[in-house]
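Next come two complexes built around chain A: one with chain B, the other with chain C.
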Partner chain A sequence: MTVDTSERTAVPAAPRRRLSRGRVLLLSVAGVVLLLSLTRVVTGADVLTSSGTAGALLVLALPIALAGLGGLIAERAGVVNIGLEGMLILGTWGAGWAGFQWGPWAALLAAVVGGALGGLLHAVATVTFGVNHIISGVAINLLAAGFVRFLSELFLVGRSGGGATQSASIVGSVPRVSLPVLSSGPDLLGRLEATRVPVLADLGGLLGGLTRDVSVFQVAAVLLFPLVGWMLWRTRLGLRWRSSGEAPTAAETLGVDVVRIRYLAVTLSGALAGFGGLFLVLFAGRYIEGQTGGRGYIGLAAMIFGNWRPGGLLSGSLLFGFTDALRLRAPDAVIALLLLVAVVLLVLAVVSFVRHRRVATVLAGATGVVALLGWLLLDSLPLQVVATTPYIVTLVVLAVASQSLRPPRAAGLPYRRGQA
Partner chain B sequence: MRRTLPGAALTLAALLVASGCAEDAPPQAGGSTSTEGGGSTCGNEVTIDEVTSVGLAFDSGGRGDLSFNDATVAGLEQAQEEIGFEATELSPNADGSNRGDLLRQLADAGNNPIIGNGFQFSEDMDTVAAEYPDTQFIRIDGGPSDCANVAVLTFAEPQGSFLVGAAAALTSETGVVGYVGANTSELIEGFRAGYTQGAQAVNPDIEVLTATLEPGPEDGYNDPAAARVAAEAQIEQGADVLYHASGSSGVGVFEAAAAADVWGIGVDQDQYNTIGDPALAEHILTSMLKNLDAAVYESLTTIVEEGSVDSQNLTLAEDGVGYSTTGGFIDDLVPQLEEYKQQIVDGEIEVSATPAS
Partner chain C sequence: MTAVRRLGAALAPPAVAVLIALAITALLLTVLGVDALTALRALVDFGGSAQGQANQLRTLLTGAVPLFLAGVAVSVAFRMNLFNIGVEGQYRVAAVCAAYVGGELALPMPLHVLVIVLVAMLAGAAYAAVPAVLKVTRGVNEVITTIMLNSIAVGLAAYLVAGPFRDSTAGEGGNPTTRPLGESARLPGFQDSFLLLGLQPPTRPVTGFIVVAVVVGVVVALLVSRTRFGFELRASGANPTAAVASGIPAKAMVLRAMLLSGALAGLVGLPELLSEDYSYGTSFTSGLGFTGIAVALLGRNSVPGIAVAALLFSFLDRAGPSLETQGIPPSVSTIIQGTVVLTVVVVNEVAARLLARREDRRVRGRTEPAAVPAAAAQQGEGRA
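Now for the complex of A and B:
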């Protein structure tokens, strides 16, 4: 929920007091847990921080987050990838087709390859042929949706009970792990959750749910985020990567092969989206046509929410995943969300006020007060309102933080080699 | 380089047009009930002397969907064997935008009657029926039609859901049962209403947990991940029998039920047979059956015998809906369920199509 606005590419001019990255992360996590704990205690909605919710959160947030990460690495190299949904779809089909025959590891491979092929197509269109990124992306979304039906007719119909719109069940299972002592065996976190003590129980529930009985694929997916962050901001390749997205002509004059980097980025972008599709298939037990349900687009929204950074993107995805999880798990408890949203927005309003940003103050303040009044006065929320909560929060965050949000400068712009 | 741009764009555009968009909801377990545009009547009362060619336009998914369409095909083929007519089958494109054209194509080829499978044919069929006033159209599901040459076959899903609700309550050991619905359309809410009434008829104190996958009256048929999350939450809260009215999303409910070793209940078809996975089938207690095949077969044989067919709401009394016993898990409950069925048929129990809360 916190948008890290520090500008890493800029050299700090004066020695300014600045929290280290680790501290910011720790503080924001602590803030979120505190906030959730407060909301739980005030509203009595235990489901807010139960380990079941945390587990569902991981399931629902990962496909969004991985699609978003795909979008991030593509845009960081200068190519807008709106075709993520299509690559997600190709990933789900690949996972379903390989999974029912050879199990989850083959599904992983096929999902990644499927998504990567979609990405490669996007790269050919945008990088080599200079097609408008948005048009190519939209075309890939539509193409993928129709193409998988064609593939299903060819390769799924009649095989182990598959049909035109679904595959047979995935065979085999993925190894699952838990943290020793903390979330298995003595299960300290589980015991902590059972105490119902404010903050401690919430921490136990959330951490327990996130670390108990998770698949190795999930672990790998979560590790990808720091890995991509490290690659983009701490390595030579990352510097070249980002300069392709910021100033490709300048990078070219310095000897960076922008075309190659963009090909790599967009293909990997598709592979990541395909990996996200794998989780949908594994969790559902099979490929079902249309099961992506627009999660690729939400991934894009999460990426913008997160200011084109892995950490921010992950928090955005968790926000979407959390609302989804709550809506599905406890439709009656979601009214508690209003209090949460109100507190977040009011804090945001105070921060904006201190920074003398009037419009932001009014916007956040007013929405916050409405949310607070809603929580005080309403008994339950219509499902429609609940489903739109993350979008409203994203819009408000975007409005409030728009001055510090900055997409890669050259993302989406036409670039041709040799024009430097 | 510059010259290649329009070429590439054109290729992509061509692909785009060719592929279309496959976001359509599958027809299982309903969708929104349609409202008819305009109050004018259209078409003529059609009398068919001899059935020689029958047209069938599928709903999205087409032949081989292991569900709605395949059930209709089964009825058609059964009738075909007895009557001996030519059958032409057409599938709509992925977003279903050419349904009207399919019907016209079938009508132009001289097929009579023409079957449109699914409520999504509602508007298109009425339009086409006005253009071909002497062709008999049969629609499976959907709202009533003003056209004299359109017969609509609907099913009393709440009644069938009542029986599986009773089966759920009779099986549950915890006194908590679950329900996962695709959306809040009238049709889908009918499943919930019947299920809840059936469960409460057995045990007035039973707790029925409810989850809805999509907030509005549409969609929710393709999201097994969401369905599984919802089902797992209900199982955590003690539910040990879960019913779903959510099309393909229901797989998620069965996955959750199998993982937790509790029961799931299928919908539309006998999902014990169609789920295609023995590990899941072993956790499908029963299914609420919508006897599409029988309905299609009946309507075709009616045309042969009487020359015409009328709109019909198929209830428990006509065996339009029912429950399955495949797997033998509810064999000992059958006498009780049959009793409830008889009471519904006799009108002693009235099943409301709208949920109490």
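Now for the complex of A and C:
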């Protein structure tokens, strides 16, 4: 302990070179591709970076990411939204109910409205009545689960083959697009993937899968992330929004209508979660009870993982989506994930060691070694255990990095107008 | 007088909330084209025959036991503002461990049950120790870790029951389960004792675990209200800063509260294990932990309140079949449950505000007339 502090005081903190946001993004993408490529070459699991996996990744990550984005805009305005799961459920029901009658565009509308209503309820309870945010969210999750069953029994049973737990199939289809030249027509990325050259083929597979034959809804959803980032950090409204989440009483004295912003934020939050629900319904082709499978909660975890920023949240969601995609498409290749997890954790351990964080080093190092041993010694992983990988990784990341996370300061705290 | 008033103040908000929830549900039903009166009648309908009524009473009591235990488990952590969303995962892990140990062991009757109960409590506490330790050492919020651990518990339990804990004597086919408990671990229930109350005995017994639930309820109530631990728990919840200032170890309290909550959560699956299924399989009831949160909220964290809330929830659950025979979706009972919880938390908040305002006015009324002349006198003195 004493050695540690003396070292810290002896070495003056060198001014750390700050990289521009764009470079950080490029570097991390490059790092991920390299890591994946390395894992693919070492394990021989080509499915890791195939375009099919990338396509599935997009489908599976978007509901999580959108729920997380909902959580992000609510918490940035100062309201913790555990009720995202319930809003996601309302979104899936709305999408299923409207979708089997009037097609995907109506499903979009109904999903967003359904989620937004859930958000509005949360806003009334937390902002107007000052109910504890977590309590209200838990109650909304319970209520939503019961409410959709009730609605199904009233409006889905016996209608074109729907039942109490599922709707009829969605009619119609969503327009799909591809990038010209790169992923359609000459399909340069597809050709790159076929070469199987390390790194290049991986890049071709991942980019090709993410840009080939994607629905316009998916494109819109992905665009929401830079949009929200721009809105929150580059506009006047965004400044007010974030100040409601950091110091609502101070914001109030400067004339910001905290209550109105919070209402807007939480309602929009629900709408985004509902939009996420739409993707689950479109993926399954119908509404199925329980198809959210706790993704609202996972979205919340992805948001924390991403340090309450859209980019971080998106990477967290991709992590969850990736494990999901592999588990569904190639259960045998999942063992390769262990190597990936091991490398990430060991890097994290080295970083923590350099920064003199002893507990974090031990935590990350130990789990990393366990993962490495698992990869070396096991032939296959039981599927049930594989399903838990993203949660375990999140737990480890939270345990290691929780000190460097910075939530909005006033998120979840009671606030009433006129306290200032 | 004051006792009556205090009781009234404690009972009035939940009662008002239940009435509001019923009104909202009735309105909702009417809007959606369902006859609300028929639904209400079906809710309170226990059937005409003595046998049917006894059976419904049995369902009501048996269903309330796990809900009560889950509610108590949640409330212990709630008392110091810890959100143990993880009761769900804790009872699942506890149930699979207890089922395995109980199935593999052969012990005389009371000892066998006791070992199973202990294993369940230990497993639940051990699983709750993860978020507790992460919170204390790394400052990770327990809400998010318990949510993660709930998902992990689903996978863990499925893996255990399909792999290491699987009943090796059963064939390969069929859903995997743990080895069924021996006769010595099967808890006797209450059936003929209904005759003592002048009732027909139900066709299946009420779970004997109800005795354990009552004991747990009494012990927890005493622990929270009459012991040093309980005082420190409540103090840490009411005002963490003041608690730390008066020497209550904050970190140790987090650990103790979470471990106790987890140990109690371990009991939640036992009524089903010891007196219904006798093994853990894929069909083991899930979701009790989440409902437990609702029950704890409705019961306002007090043990008697939680008992009433658990009975209310079980009462509503029980009405499912009779609603169905009336042509009304049985999920009406779930809606009422959800609405009740939401209205209860809102009404609690409103009641607290009203109370604070009244207190404010009372204090002001007492001090102001005295303060004003004094100030005036002082001013006068200054002038003179």
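Heads up, the rule we're going with is that the second predicted complex is superposed on the first by the 404 of 420 C-alpha atoms of A that agree within 3 Å, B and C clash if a C-alpha of one lies under 4 Å from a C-alpha of the other, contacts with A are read in each partner's own complex, and residues count from 1 in each chain.
Simple rule for what comes next: contacts are C-beta pairs under 8 Å (C-beta built on N, C-alpha and C of every residue); 3 or more make two chains touch, one makes a residue touch a chain.
All values reported here derive from a predicted model rather than from experimental measurement.
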| item | value |
| --- | --- |
| Overlay on chain A: chain C relative to chain B, clash or fit | clash |
| Partner chain(s) touched by A:P382 [first = chain B, second = chain C, both, neither] | both |
| Partner chain in contact with A:A56 - chain B first, chain C second, else both or neither | first |
| Touching partner for A:A125 - first (chain B), second (chain C), both, neither | both |
| Contacts of A:I135 with chain B and chain C, given as first, second, both or neither | both |
| Partner chain in contact with A:S404 - chain B first, chain C second, else both or neither | neither |
| Chain B versus chain C as contact partner of A:T195, first or second or both or neither | neither |
| First (chain B), second (chain C), both or neither touched by A:R149 | both |
| Which of chain B and chain C A:T235 touches, first, second, both or neither | neither |
| First (chain B), second (chain C), both or neither touched by A:Q166 | first |
| Of the stretches 95-103, 257-265 or 329-337 belonging to chain C, the one that collides with chain B | 329-337 |
| Chain C-contacting residues of chain A that also contact chain B | 125, 129-132, 135-136, 138-139, 142-147, 149, 153, 164, 382, 384, 386-387 |
| Chain A - residues contacting chain C, complex | 82, 121, 125, 129-132, 134-136, 138-147, 149-151, 153-154, 164, 294, 297-298, 300-301, 304, 359, 382, 384-388, 391-392, 394-395, 398-400, 402-403 |
| Complex contact set, residues of chain B against chain A | 1, 4-5, 7-9, 12-13, 15-16, 18-26, 60-67, 94, 184, 210-216, 221-226, 228-230, 232-233, 236, 248-249, 251-252, 254-255, 274-277, 279-280 |
| Chain A partner contacts - residues on chain C that touch it in the complex | 32-34, 83, 85, 130, 134, 137-141, 143-145, 147-152, 154-156, 158-159, 162-163, 290-291, 293-294, 297, 329-332, 334-335, 337-339, 341-342, 345-346, 348-350, 353 |
| Chain A residues within the chain B interface of the complex | 47, 52, 56, 59-60, 63, 125, 129-132, 135-136, 138-139, 142-149, 153, 157-158, 160-166, 168-169, 280, 283-286, 288-291, 293, 324-325, 327-331, 382-384, 386-387, 416 |
